[in-house]
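Okay, got some structures for you below.
Common to both upcoming complexes is subunit A, partnered first by subunit B, then by subunit C.
Right, the complex of A and B next:
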């Protein structure tokens, strides 16, 4: 188990290096090069281009540039935002926190509703409820996040006026936990639907398989009540699958936040990437993409290790 | 024997004693795309207290379904209870009454299965699974149960009883797992133990050990036992009474010594010939043909197509005809012999 965990940890190092190279390279793939891209309309002035090139060290060889960029990034220094003229890190980390709040909210929806839906549809396999729920998950998993977000926003915020449509806290009065939660309900649900549908489907099929295992029959024959057969025996063996797929979903929830944040005006990393793309603030965008990739890799690793720890057969390897 | 309940009781059941378990005209069918599968047809079975009954048949003969019907462990749908009664200690069991069934399962009728390792949850240690079942049935703390658990495990020839409790099912052999599952069944103190092919998936040494244990249990505790097997040699060692099933019906039943010494049904004769033969002097005997499709049973005797003695009356289903004290066979030959005098 420890050996395997060590191997997995070691394996993410090359992944992260690859991610950093691609992220770094993105900037240099922009037509005309980074300096021209950043200046936009002002790029017609060669003096300005030369100034930016010098300022960002773009005149040095690429490997040197990469090495300098990486060394500073590892120290938490991502350079200055060309749009907001503040250090990118001071923009990034508060936004990361907001995005993590949105991701966590979506994750709670996806896990709780997805798991309950998966278990109940497996128990009522082939019933009308099962069919309707599966149709819902099929539609949910196929629909784009921003479209669902717009629909939810239109229905609950604009038509029914039940929930706020935009932002993270109320503009009236001081920000409270309660007002954040209130603002979280719609965007988190919109973001959760795909993951919820995927979790529900995986849990359902794994439960269908687990429920017919001999140990569930034996538990029944030994006089255990139905709920223990379902939860303690069948669902326990679905957990590794459920955690595995949930771990993968965390990454996608994190990515889905990008769209949802724009639809619901949620001040997170996704909104930051969106606005930095619009403002041609490639330094900020680059840093945000790097952070997103790093979080994605680490989350998947954590999910993998959790799955191992929960399956004794795997843990003993 | 302090752990395993009352003092030893003479194993032989008295004639006419009230049965512990009684199935009457039990009929169970399964829905399938190919048509309705007649898994169990009109099966009547009595198990007296302290009696051991062997049920023998090929795969698909209905022996497992018969046993699983007793505490209604069948998946339903597709299983459908068509008719008949099941009484346990005089109480009519209603298959759709989960609360009543749960009271009987484990506590009244214990079951052990073919693959004992698979009958334990791979995610939990054996000790935790034993503790869970005992907590559900007795509501006494595990600490108070532990001495009895260890004693019962040792009775079941598990030397390292403490160690086994710490193991996961995949960490023990099939033979050890089967003995743990027998120990667990005993710990709930059932009146009847149903063992469905308990030795089939074991290696030869483990088979001998598990059979020896079941034999010892029979002799020392007076627990009633239903032993299901396709293997006549297994049943011969333990059962006092034997029931032979074919295509969902009982084709012969009687005292074990009579069935083995003087089988009356041609199917039983064929089974015995193929199971007990010696190899010297030529080919192994095998029954010709294959069992019929339970979704499309031909009218008349189900064994007719494979029977060397088939004659005109076999196109109608014969009843179970008496063939001695407590011995009966479902064959028209018996009627002919009786008529011939």
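Right, the complex of A and C next:
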């Protein structure tokens, strides 16, 4: 297992370099560059565009530009944002923290509600509750996240006035932990709903399979209480599948936070990527995609390692 | 008396006072007939659209105003910040221009240049030398003096002297010069002198009529003064990171792309014009539905660019929708290289096919007015007498047949999917295409994302593209030079008519501003005949405010001045 972990860790570096090269190439394929975005209407003057392009060093060959960027990035310097004229690292890391908070909140929803829903629907298989819960997960997995976000915002923030609709803390009050938690409730749920539905369905399906296995029957024959049959014997065997799918969902929750960040004004990384694409802020975009890719790869690795630790059969293979 | 006039005007724009009663009351307050006429004219266009210019007006001060913006602000540097949102959000509150416009005057005297950090301006008889006398005793908020040297330092950041064979000083910034080249290139500044700390002399190679009126065009303009000391300590990035100006507000903090706070400047040099609110927080809320939800939820007090379809319901719920004519013009340029548009009758037919009033009223829910001039409605050379043909599909079809196109033709319309000041470009282009189809012109839409579009637009229309669209306009009389001069890079439709250049040259070099305005109006009349540029609508830029907001006056320009606004708790 250690060897496997070492191999996977070593593979992260070429993966991230590959991602950065693809991102770099794709960015330069899009028409209009930072000079056009910075100049706005003044971009109609080709001399002005040429002067700013030269100033930004974007008139150099692409491999040179990439190499200069990589050399600086390896030293921890991601450069200056062309949109805001501030160091990219000062933009990136606070927003990364915000998106991680949102992802963590979403993950709690997805794991707790998804797992409970998966287990209970398997236990009450084909009941009305099972059918209603599966309908809920079907809608949850199919509906656009931004639409669900707007509905939640309308209902809980505007109509019932129970929860805030905007931002990560109160605009006028102090930024307390309680305030962050209060602001997290709606966006985290909206962000979690697809992952929650997927986890519920996978857990349900795995539980249905586990509940008819001989070891559960044996536990039942030994007179063990129902909760022990379900939790200790059946659910324990469902865990590897649940962790596997949860690991994948973490990546999607992190990468997909953009829609929720826009709807709820959550100042995170997804929204930064979106605005840096619009502003052709290559420098910010490049660093942000690298960070998201890094988190995605590391989370998947952690999920795989956890799966191996929980299922010795996999480790032996 | 001024307060009573304000009250009367407020009642009039809110519909609580009839036009006749307003005139009677204004006359009783001693206002002269021309003043009353000017007040009525200023409010007429907004009243036509059914929205007031102001929110509740009340003496007072204090509170924190939270403003929901439709996009991010960019660089907090007066030489580099380009977007209207950047200037509205922050720059206009922190930095001051040598001269300004009376943008938040509810009386609508929109084109009046007012002194700000300049006390007075003298112009030489030959129109080539402008002497600015600065207000004495002003300091930047970092305590350093605002004087003639500071003005010269700021101008030299964006004025490229290499074209005159001179070396640029260290603070010269290539990007700033590129952004402001529209002003400094035609102005032909050859010398800048500072004979004493309170005097700055600009010497031009030739008279340039829009020299002063171009200065407050802040988004692409010239004169937001920042403290040279900040640059000396931290260079260009330092200016954006720690904006220091002479304005009524001080920069407090920002999280780029999310939130920006400014606070009242307690040592503002002009106490009579000091900020009323204690603090203003700007939030970037790019999704329109999120802005509306934030307003309804009480998280923000003001939202810009609200969805037109939400306005009626917001009004029913007690929010106030304000709107006002401003320099905005949503226009098309036709490609002179496309064979069908070479014939003037085809251009006229196409224009006459477009129901601009219907678009403004039905599609845009009264948040825009049909455009009837190449100038924005706040520009002194705006006129409703330019003679643009009226909407007349039957006459248009006849003209098209006379021009040899009885069965119409196929053309392509290049448009962005969104962007600065673009309102709702795709449905608007679909409206135009549907109108054109009624006279047989088959318009195919080619949509592009905003920055990609700007890139394509700036390159000029290639063969195969019949027309494209843009939103711009200035209160400065200079504006028609940009899209209509044959040699301008903004003549993206390649219109070839040199008569425009002759009129524009005469306008620019006029020493008497009345002569300049008359020539700019002649440009408008010529365009109404030739129709290379098709004015479609003027946005009234609706804004929705909470009833808690006091003294909110809808700006008559792209930029906003928030110093009079306060929030009642």
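Criterion: the second predicted complex is superposed on the first by the 300 of 317 C-alpha atoms of A that agree within 3 Å, B and C clash if a C-alpha of one lies under 4 Å from a C-alpha of the other, contacts with A are read in each partner's own complex, and residues count from 1 in each chain.
Here is the rule we use: contacts are C-beta pairs under 8 Å (C-beta built on N, C-alpha and C of every residue); 3 or more make two chains touch, one makes a residue touch a chain.
This is a predicted model, so every value here is computed, not measured.
Undergrad: For the combined arrangement obtained by superposing on subunit A, do subunit B and subunit C clash, or do they fit?
TA: fit
Undergrad: Which of the two partners, first being subunit B and second being subunit C, lies in contact with A:60: first, second, both, or neither?
TA: The answer is neither, since A:60 touches no partner chain.
Undergrad: Under the stated touch criterion, which partner chain does A:237 make contact with: subunit B (first), subunit C (second), both, or neither?
TA: Once the two structures are laid over each other on A, A:237 reaches subunit B alone.
Undergrad: With both complexes overlaid on chain A, does A:91 touch subunit B (first), subunit C (second), both or neither?
TA: Once the two structures are laid over each other on A, A:91 reaches subunit C alone.
Undergrad: Report the partner of subunit A that touches more of its residues: subunit B or subunit C.
TA: C
Undergrad: According to the stated criteria, A:225 is in contact with first (subunit B), second (subunit C), both, or neither; which is it?
TA: first
Undergrad: Look at A:217 in the shared chain and tell me whether it touches subunit B only, subunit C only, both, or neither; answer first, second, both or neither.
TA: Touch partner of A:217: subunit B, not subunit C.
Undergrad: Once the two complexes are aligned on their shared chain, state how close subunit B comes to subunit C by Cα atoms, in whole Å.
TA: It is 48 Å, taken between the nearest C-alpha atoms.
Undergrad: What is the shared patch of subunit A, the residues that subunit B and subunit C both contact?
TA: none
Undergrad: Report the residues of subunit A in contact with subunit B in the complex, numbered from low to high.
TA: Touching subunit B: residues 212-215, 217-226, 228, 232-233, 236-237, 239, 310-313 of subunit A.
Undergrad: Quick one: in the complex, what on subunit A touches subunit C?
TA: On the subunit A side, the touching residues are 30-33, 36-49, 51-52, 54-55, 80-81, 83-87, 91, 94, 146, 150, 153-154, 157-158, 161, 164-167, 171-172, 262-265, 267, 271-272, 275, 278-280.
Undergrad: Under the touch definition given earlier, write down the residues of subunit C that touch subunit A in their complex.
TA: That would be residues 64, 66, 72, 74-77, 80, 82-83, 174-175, 177-182, 220, 236-237, 240-241, 255-259, 281, 283-287, 289-290, 293-294, 296-297, 299-300, 420, 448-458, 472, 489-490, 492 of subunit C.
Undergrad: So in the complex, the part of subunit B that touches subunit A is made up of which residues?
TA: By the definition above, subunit B touches subunit A via 71, 73, 75, 98, 102-107, 110-111, 113, 115, 118-124, 132-133, 136-137, 168, 170, 181, 184-185, 188.
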